[in-house]
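In the two complexes that follow, chain A is the common piece, with chain B as its partner first and chain C second.
Now for the complex of A and B:
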């Protein structure tokens, strides 16, 4: 019996090892490749260099794109939070008619193809004859990230006792006071987690922006995508590695410091 | 409290999609219709044109393969996470989710390096004696499927893992004390009770697969078009807004139809077998 348990454990470990290799392999290859002295892929590992990262300083267009992506991410996460937080509070606290349908509607941007969302936003801008593509970019990113804000808030509110707010109400606190003095402080982790996660999801997204970029408002993923059309080299791997590291640091912060579960 | 979100989504999601639907009824320039045409000409053109049908079928075929392989790989993984519960809750799951947090662009870049004609996967296969000369994996449906299964796997594991944790442990204990061997316990208790999780994993996998753009754009090599890459070709290639809108509506219909069908199956009373 003990021998069989050993074999079961070994089998499970082997399975997990293969799954992790499969799932993490591509990102690891990109990170390793970014330190390679070779000038293009495919190539063996010829030597270690940090030169590709240093090259980023010479690629002004990537730094501009990074700046655009950060701006878009902030605006989108901000709008998403303003609109998403009240919905999450309503969904967590109250029962109302059509709640299921409204929840599905709020979450719809998650399952709709993002390339369609981006094109639809272009159609709206064209229809109102507003070529304001930066605003269009920020708005469609906000539509897309709002559900993540709602989700983070809901996950944070799930463990919350509504009676604290009710107690405050019975002691005469009005709705604004309750929101500012009770709900806001105890949901601070959820709000921060939602904001960061929304930022990440906007930051890494490409298809939303595909039809809305102009030479002055090109996001980082679009810039990478255009570069990869012509060549695959350690430089683009270095750009990719940097985004991976930033994004992973952000999500670790959410899960381990803010203790909000993103993935449930 | 609902109003801001509902107004926001109506203005910037429903209205744009409504305009897209409207545009899909205007005739594409390739059809040489009068300027004031309004009707189903684009849809009929898609239904009659072999290349479009081929692309729709390819899209659905890729999604079907991705759903099947993702479920087959993620069920045992979730089961192991559940069995060795210390692994499941925290870091193991978070680490498995890195690709979805890192985003498809970096992941696809990794696959382009790995699957290249002279790349590592080909070298290993030659070393192992599976093939004698490099085979072309890039620019094929296989490459798209390999990458999409990898990308959707964490989402599916998460859904199935959540369903497995909902199963009352004493149900399995009861079966054990009545003398049911492990396989029978799995077959009669764990599997049927986890099916809703499998179904929701299949839904999310399907909608991620049908919406995916970067993987088919790069790993399909420009010839293996799917609906999303067809939209970008139609837009960026010929700026044919009418036809691109029509394809977008077709994509939405397929994706929503499958999701709604699966959701209906999910909403049926659980535990009926």
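Now for the complex of A and C:
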């Protein structure tokens, strides 16, 4: 029995390793490539260099794009939280007619093809005679990331005892005090996780930005995409590696430090 | 005048009537128990008094004021929940001080009152702990301290003992009663445990399917059940279904569905032909070895011992009576040698007509809504 258990465990471990390789392998290839002295990517590893990372300082347009992405990520995550948190509270606390349909509607941006969403937004902005702007880009990102905020918040609220808020009411706390002093602190981890996740989803988004980008509001993924249309070299691998590492760090923080399960 | 007055209150939840025209009241300083099986509406009734639910109809009066429309945070009512509902992100001290903070009580005053409340529930020294570092019993004490520290006009306790183990439950029950009588605070105590209700309450409202079927003193609900549900729910009783026969010399006869002729007493007049239930408490049943019995009781039937349950200071005989009836008798014993009967033995089962309550069978009209 013991021997068989060992083989089962070994088999499971091997299977898991294969899955990890399949999922993370491409990222590893990019990261390794970013340290390669060869001038094209992908190519055989010729020698180690940090030069491609150093080149980042010379590419002002990438730093500008990074700055735009961070700004848009923050604004989108902020608006997404402002809208998404009350939505999650309502979904968690109340039973109402068409709850399933309304939930599906709120979550729709997750499954709608983003390229369609981006194009729709462009048409909308054109219809109301607004040029594609930074604000428009931030807004469409906010719509897209809001479901992630709702998700994180709902998973956190599932563990919240509804009596706790009622206990506060019986002790004299009005609705606003209950939210500020009880619900908010208890769900702090969910709120932070939702914000970070929303930021990440905005930060790495390409298709939504594609239609709405302007010379002054080019996001990092758009800048990378534009660069790669002309050439692919270890420099772009370096930029990509930094992005991947930042995203993994953010997700790790959410799962391990805030202990919020995002995709469960 | 009654301190709490619940008048004809109903609560409808999307098609389901959780509380159905319920009325009960409590005098100032009394404990009233809402008792009934789960789903009988007792917690919903409590939640309406607290202000968490609004009655669909009816009125709730508290200290001479109609409060049905008043939001929970303006009622000044202390409540504890079955799951304690402590604030997980606050220390014991901060939990208890929360209500005082909402009332803008000064630091020094607040600290003194929190200390006094914690002393009252015997939790001094645990001020800096967080709820997840406390046992269930300790959490319940914090919840109680948090509820009484605000000097509420009324205390509501929702199944305060049901999550505690048996020994702690007993201890906590005594303590709650002590604290309650020291503070002279009018209390509504919700429980599904009829024994708990009998021991702690000044008044008992027995609830069934959303209705208050009897409101009375503990002695009243135990000795004079006005409703067959109360008769079956309060105390350990044998229930036999049947039809009322003639009334002679103040005794009522009843023929059970299984064909037994019983004599008993009716608390409320029951006309002949009424479907009824005969209620006989377990300790009032006498079980004797066949032939040796000298009993002259009117209700005397042959039976057989099926099972003997040793309860320590008592013994329980589960007997078959006739073809399908089952009768449980308990007898106090000083030691195990007093268990005179053995399983499988033929016996005489008897009880006095005075111990046999005959109550109209209300379950023929309403179904057990659980």
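Convention: the second predicted complex is superposed on the first by the 251 of 264 C-alpha atoms of A that agree within 3 Å, B and C clash if a C-alpha of one lies under 4 Å from a C-alpha of the other, contacts with A are read in each partner's own complex, and residues count from 1 in each chain.
Rule of thumb we're sticking to: a residue touches a chain if its C-beta (ideal position, glycine included) is under 8 Å from a C-beta of that chain, and two chains touch if they have at least 3 such contacts.
Computed from a prediction, not measured in an experiment: that's the story for all the values here.
Colleague: According to the stated criteria, A:182 is in contact with first (chain B), second (chain C), both, or neither; which is it?
Modeller: Only chain C; A:182 stays clear of chain B.
Colleague: Which partner does A:172 reach: the first (chain B), the second (chain C), both, or neither?
Modeller: second
Colleague: What is the contact status of A:161 with respect to chain B (first) and chain C (second): first, second, both, or neither?
Modeller: After superposing on A, A:161 lies in contact with chain C but is clear of chain B.
Colleague: Scan A:240 for contacts with chain B and chain C and give back first, second, both or neither.
Modeller: Only chain B; A:240 stays clear of chain C.
Colleague: In the superposed arrangement, does chain B or chain C reach more residues of chain A?
Modeller: B
Colleague: Touching A:24 in the superposition: chain B (first), chain C (second), both, neither?
Modeller: first
Colleague: Quick check on the superposed pair: does A:202 touch chain B, chain C, both, or neither? Answer first, second, both or neither.
Modeller: In the superposition, A:202 touches no partner, neither chain B nor chain C.
Colleague: Name the contact category of A:36: first (chain B only), second (chain C only), both, or neither.
Modeller: neither
Colleague: Touching A:133, do we find chain B (first), chain C (second), both, or neither?
Modeller: After superposition on chain A, A:133 lies in contact with neither partner.
Colleague: What residues on chain A touch chain B, complex-wise?
Modeller: Where chain A meets chain B, its residues are 12, 15-16, 19-20, 22-30, 33, 41-42, 79, 82-84, 86-87, 89-90, 102, 105-106, 108-109, 111-117, 119-121, 123-124, 126-127, 139-140, 142-143, 146, 200, 204-207, 210-211, 221, 224-225, 228, 232, 236-237, 240-241, 243-244, 247-248, 251-252, 255, 263-264.
Colleague: Please give the residue numbers of chain B that touch chain A in the complex, ascending.
Modeller: 1-2, 4-6, 8-9, 12-13, 15-17, 19-20, 23, 73, 76-77, 80, 83-84, 87, 90, 93-99, 101-114, 116-120, 147, 150, 153-154, 158, 162, 204, 207, 210-211, 213-214, 218, 228, 231-232, 235-236, 241, 244-245, 248, 251-252, 255, 259
Colleague: Quick check: in the complex, which residue numbers of chain C touch chain A?
Modeller: Touching chain A from chain C are residues 50-52, 71-79, 81, 83, 85-89, 98-99, 102-103, 143, 146-147, 150.
Colleague: Quick check: in the complex, which residue numbers of chain A touch chain C?
Modeller: Going through chain A, the ones touching chain C are 161, 163-164, 166-174, 177, 181-182, 185-186.
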